[in-house]
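Two complexes are shown next, each including chain A; its partner changes from chain B in the first to chain C in the second.
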Partner chain A sequence: MGSLLEVTDLKTHFHTRDGVVKAVDGVSFSLAEGQTLAIVGESGSGKSVTALSLMRLIADPPGKIAGGRILFRDENVLEMSDEQIRSLRGDRIAMIFQDPMTSLNPVFRVGYQIAEALRLHKGMDRKAANARAVEMLELVGIPNAPSRARDYPHQFSGGMRQRGMIAMALACDPDILIADEPTTALDVTIQAQILELMIEMQQRTGAAIIMITHDLGVVADMANDVMVMYAGRQVEYGTTDDVYYRPLHPYTWGLLDSLPRHDISEKGDLCPINGQPPSLIDIPSGCAFHPRCPYAKDVCRTDVPELREIEPGHSSACHFSGEPEFTRDVMPCSADMEVE
Partner chain B sequence: MSADRQHPDGGDLHTPRGPLDAGGHELQDQPPRTLVPAVPEVTAHPSRTLWGDAWMRLRKNKLAIAGLTWITFIIIVTVSADLWVPQNFAEPTSTEFASMQAPSADHPFGTDRIGRDVFSRVVYGARVSLAVGILAVSISLVIGLALGSLSGYYGGLLDAFVMRTADIFFAFPYTLFAIALLAVLGPSYRNVFIAIGILGWPSIARVLRSSILSVKENEYVDAARAMGASDLRIMLRHIMPNAIAPIIVYGTMSIGGAIITEAALSYLGMGVQPPTPSWGGMLSEAKALMIPAPWLTVWPGFAILTTVLSFVLMGDGLRDALDVKMKD
Partner chain C sequence: MLKYVFRRILQMIPVFLGVTLILFALRIPGLLPGDPVQLIVGERELTPALRAQIEEEHHLNESVPVQYGYYISGILQGDLGRSLQKNRTVTDILLDKFPNTARLAVSAILVEIIIGLLAGIISAVKQYSFWDVVVTLSTSILVSVPVFWLGMLLQMFFGIKIKQWTGGAFSLPMSGMGSPPDLVHLILPSITLASVSTAYVARIMRSQMLEAMGQDYIRTAMAKGLSERVVVFKHALKNALIPVVTFIGIDLGALMGGAILTESVFSWPGVGREIYLAVMQRDWPVVMGGVVVVVLIVMFVNLLVDISYAVLDPRIRYGGTTE
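Our next item is the complex of A and B:
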C-alpha cells in the first residue's frame, strides 16, 4: 500500500490569448494518512492551482491538466469518470476556501448547507443529516448550535462562518482536507482560533490536511512537511524542521528573512525579497528565481535547476544547494541588491 | 490659543479628552446598569425565512402594497364577473335609443356606439388584458429562463449563439416585429400572447445571464462543486435562487408591458378581434368619438393606466424586498 495521496510531475496549464500560462509545472509530492503538508509561496506561485487540480476543479477551458499523475489510494484521479470524481469531492477530499464571507450560500440556512453534503454522499435522510449538521456545528465550537443551524450566513460573523465551512468540509469525515488560505481573510485572533480548531479536528477525525498559505508562521505549528513553490515549480520540499532550521534554497532563505520575528532583536530590519514574482507566461530562463537571487551566476541564467534530494527526505531546486560553503549565514540582504 | 499653537499635539489630545472624562464619570455613577449582559438580545433574534423577510420588507412599501391591492381587486372582479355583471358585453342592450348614453344608474360607465354597456366591457376586457399579460410573460419566462441559464452557466459557443439570436430580436422595432408576427399567425386572442411571449424572451434571457455570470463567481459555487454537487444541482440549488431576484422584478414589470403591447396591437386592429372586448380595442373603437362620448375612452384608458402602474409599482417594491443585503 502506498501513501494516501501521491502526486507525480503534475502540470496544469492555462491556455490564454497571451500564451500558455504554466501555473503548475511539474510538481511532485506525497501525503500520508493523518499528516499535514503545507504548500507555501507568494501569490501566483501555483499553490491554489495545485490544490484545485487535485480535485480536478480547474475550469476547462482555459485550464488543462497537461500531465502527471495524481494517485489517491492508488487510483488515478486524472483518469476517473465525472461520476467517480464527484463522489470523491466533498466525501473523500474536502476543501475550505479563503473567503468565508462568500463561501456560504446566502439563501440557505447554515445547517442545511452542512446537511447537503451528507445527503449527497452518505444518502442520509433530511432528519439524520440535520442532526449530524448540528453535531458538527457543536464540534467546531458554535455555541447554541441547534438554533444557530437555523440561521442564515449573514447572521454569522466571519470567524463563525469559517467554523461553519470547516464543519461542512469535515461532515463527511474526509480523508484529506484541503485548506486554501483559510485564515487570510480573518483577523489575527480569529486566525489563531481557526488554526487551533483545525489541529483539534485533525486529531479527532484523523484527516490529512493540505494547508495552502503564504504565511510561514501559520505552518510552523501545524505541518509535518513543507513544500515551497515559486513560479509554478517546487523549489524546496522537506519536513517542517528541515525547511525551517536547515533551509537549502535561497528563496526559502528570503521568505524566512522577510518574516517578522519576536525572538530576534527588534532593531534588526526586515529583509524583504526584492522585485516581483515573474509573470507565468514569460518565466525567466534558467532558474526562475535568478533575477531576484543575490547569488545568481551564469549557470542560473541558462540551466533550469532540477529538484535534487540533498539530504534524505529534503530536496531543493538550486544549482548550489549542498555545497558546503553555500549556506544561509552568508546570504546578503537581497533588498540591497539591484534588480536588473 | 498660543499654547495650542506651540504644542499642537497636546492641544489635539485635550479637546476629545473632555467629553470622554464626562462619559467615564457617568459610567462610574451607575455601574450596575452596565454590568447587565446583553447576551439574550444577541441569541434571541428571530430566525425568519428568506421569503418571510422579503414579505416583511414588501409590506413596508406602501406603493407596492397599493399596486398589489389593485391587482388583487382586478383579478377578483374579473374572475367572478360571470356571477354579477348584469349586461352582456357583446350584445347591444335592448332599448332602441341606447347608443352612446352618458353614464347613468343603468349603465355606470355609459354605453358605446352600438349600445353595449361599457362597464361590462371594461370588466370583461380585464380578462383579456390580464390573461395576455400573464400568459405572454409566462412564455417569455419559460424560453428566457432556459436559454439564459444555459447561456450564463456554460458560456462559450452556446452563449454566443443564444446572445446573437437575442441581438437579432433586439434589432427590430418591438411593435413592428409583433405586427409582422401577427400578420403571419393571423390576429387572434391566442396569437397575441404567443407573439408577445416570443418577443419577450431575449430580455429575460439577458437579464438572467448577466445575473448568473456575477453569481457564479462566488466562492460558494466553487464550494458546492468541491463538495461534489452536479452541474444541475449547482445550477438549480446554488445559482438560481441567488440569480432569480432580478427576473422576478423584471417579470412583474413586463406583465405591465405586455398589457400595454396588447392594448397597442388591439388598437391597431391586430389583436383581439371584436366582439371580444379588450381595453386597447375599446380605445380604438372610441377614438373618433372622444369629444361627443368621452366616457368611451376614459374608462378603458383608466383601466390600462392603473393596472400597468400597479404591476410596475409592485415590481419596484419586489426589487427592494428581495435584496438580501438591504437591512432595515
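Our next item is the complex of A and C:
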C-alpha cells in the first residue's frame, strides 16, 4: 500500500511575547491507506498542534508552520492555496476534537451541522444532505435519528455528541480521520463505546486514522503504528508491537510503567514519571527528557539525541538506545528519583 | 413557552404596584414641599369653601390608602387625571406626544443597530488593526461624553458653523421636529440619542464576537472546510448576537419611554420633554401619569426582549432538557 500521508520534518512554532515556542520541532511520520497511527504523549508534547498543522488549522499569528513538508497523496499541503486546503478539510481529511460539549455549535441543529459539510463538498441540496445526515447519525448509533437530527447539541448527552462529531467527520467519507483525544472528556464506560465505534467505522469506510491520546492503553487495540512525542519532538516511533513489547526510549518505559495494571506487575506499585513536562519556551538543553530520566548522563545534558533507526522500522531518540545492556528491565522506578 | 410568558407577565404586577406606590407618595401632603390644593387653585384666591370643594373633587379629604385605591382604579381605566396647567387630560397629552417619542426612538435604534453592529464586527474581525483602534478609542470617548453636551456640540457644528462656512447653503435643523415625514429634523437628535448606546453596542458586539471566535465550535467549522467568511458571519455571529440583541431590546424600552435630555436640548415634542416641562411647572398629574406610562412601556418591551431571547437561543427555548 502506498503512503497516503507523508510528513517530513514538520516544524510548527508560536511567536509569543516570551519568545518562540517550538510546539512541534521536526516531526516525521507516514500513514498508509486505511492504517491507524497513534500519537502519544503528555499534555504539551505537541500532539494536538501536529494534528492541527496537518490541516493547516494553526492560527497565524501567533502560530506558524516554520518548516517541513506534508504530502497528502503526493501533494504538499503546505504549498496549497487557501481554497485548495479548504476543499481538503472536512472532505478528504476530517477531524474530531477532545471536548464534544463545546465542539458543536450550540445554536445550530445537529443534523444541520452534519449536512453543512455535505452541501459544501458534495454539492448536495438541502434535502439530500439532511437525508444523508440522518443516515450518518443512524450509522453512529443514535437511536431515533430522524428526530434527533433536529435537536440542538445541548439536547444530546456527551457520548451522543461525540457520536454526532464522528458522524459529521465521516459524512464526506474522508481518507484520513484525525481524532484529537476523542475520549478524554467522556465517562469511562462511554470511552470504550466511542473507541469501538471508531474501529467499526474504520472497517466500514476504510479511512486511515490518526489517533491522538495520552493514554497508551487506548491505542493498544487500535493502532498499527505508534509515535511517542515529548516536548515537541518524537522520541520513539515504530509499530504498536515494537513500542509495546520492545520499547527503546526511557520516556516510553515511563509511560508504560505509569499505566495502572490489574495483573501482577513485576515492579509492584504504580510507577509514575516524576516531574512535569518542560515549558516549551525553555526546553532543557541536550535531551529534553534528561531532568526526568533516571539514566541521564553528562552527554544527555549537552547533546540533543537524533531519532535513529535502532531496528528496522523502529526508531528512538535516545543516546543509549540499542546498547544491549540498556533495557527496560534495568530501569529503576523514576518516582524514587530526585528530579533535578 | 406560554407558561414562561404567563409567568413573566405575573412578575410585572408587583413591579407596577411598587412604582405607582412610590409615585403616589408625591401626592401625600407634607412629603413634598407645596400644597396640592394651592397648586390646583393657582392664582385664584383660596377660600375655605373653595379648598373644601377641591379636596372633595380630588378625593384629598380621604385617607391615603383610599386615595391610592382611587388612583389605581383610575389608571386601570386609562384615567391618569387632568393636567393642572393645561386644560386637558394627562392621557390626551401623552397620547399626543408618544408618537414623536416613538419616532425618535426607532430612528435612534436604527443608528445603533447599523453603526454599532458594523463597528463591532469590523473591530473584532480585524482585531488590533487601524479600524479596531479607531472603534475602541471612539467608543471609549462616546460612553463618557454627556449626552446634552454632545447634542449642543452637534447643534453648534451642523446648525451654525457649517451654515456660516457654506454661506447658508447647508445646515441641519437643530430644534423641533418639522412635520412628519420630515426626516431631516431627525438626524441630529437621533445621533445624539443613539451615541452612548451605539458605543455600547459596538463594544459588546466586539467582545462577544472575539469570544465566539475563540470557541471550539469555530475550530470545528474551520475543520469542515468552510470559508472564513461563512465561519465568521454564520457560526460566530449567530452566537455573538444573542447578548447584543438583549442590550438593544432593553435600550429600545428605555428610549420608548422618552429621552428627557435629548428631547429637551432639541426641543423635540416627546414624552420626555413633556415630563421635564411638567416637573418645572409642578404639574404633578402629568409627571405621575408620564412616569407610569413610561414604566408600562419599559416593562412591556422587556417582556418582548425576553421572548425574542428565547427564540434566538435554543438552550433557553427548550430549558436545557436532555431526554
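The working rule: the second predicted complex is superposed on the first by the 335 of 340 C-alpha atoms of A that agree within 3 Å, B and C clash if a C-alpha of one lies under 4 Å from a C-alpha of the other, contacts with A are read in each partner's own complex, and residues count from 1 in each chain.
Keep in mind that, in the parts below, a residue touches a chain if its C-beta (ideal position, glycine included) is under 8 Å from a C-beta of that chain, and two chains touch if they have at least 3 such contacts.
Treat the numbers as computed from the prediction; the structure is a model and nothing was measured.
Per the definitions stated earlier, placing chain B and chain C onto a shared chain A by superposition produces a clash between them.
Applying the stated contact rule after C-alpha superposition, one finds that A:Y230 touches neither chain B nor chain C.
When both complexes are overlaid on chain A, the residue A:R86 reaches chain B and chain C alike.
Legend: residue contacts after superposition of the two complexes on their common chain; A:D99 is shown touching both chain B and chain C.
In the overlay built on the shared chain, the residue A:A117 is in contact with chain B and with chain C. When the two structures are aligned on the shared chain, A:R150 is found in touch with chain B, with no touch to chain C. For the contact definition in use here, the residues of chain A common to its chain B contact set and its chain C contact set are 55, 57, 86-91, 94-95, 97, 99, 102-108, 116-117, 120-121, 152, 154-155, 165, 168. Contact residues on chain B toward chain A in their complex (touch as defined above): 43, 45, 47, 50, 156, 218-220, 222-230, 233, 237-238, 241-242, 324-325. Chain A meets chain B in the complex at residues 55, 57, 61, 86-91, 94-95, 97-99, 102-108, 116-117, 120-121, 144, 147, 150-152, 154-155, 165, 168.
Chain C makes touch with chain A in their complex at residues 215-217, 219-227, 235, 238-239, 242, 312-315, 318, 320-323. By the touch criterion stated above, chain A contacts chain C in their complex at residues 55, 57, 86-91, 94-95, 97, 99, 102-108, 116-117, 120-121, 152, 154-157, 165, 168.
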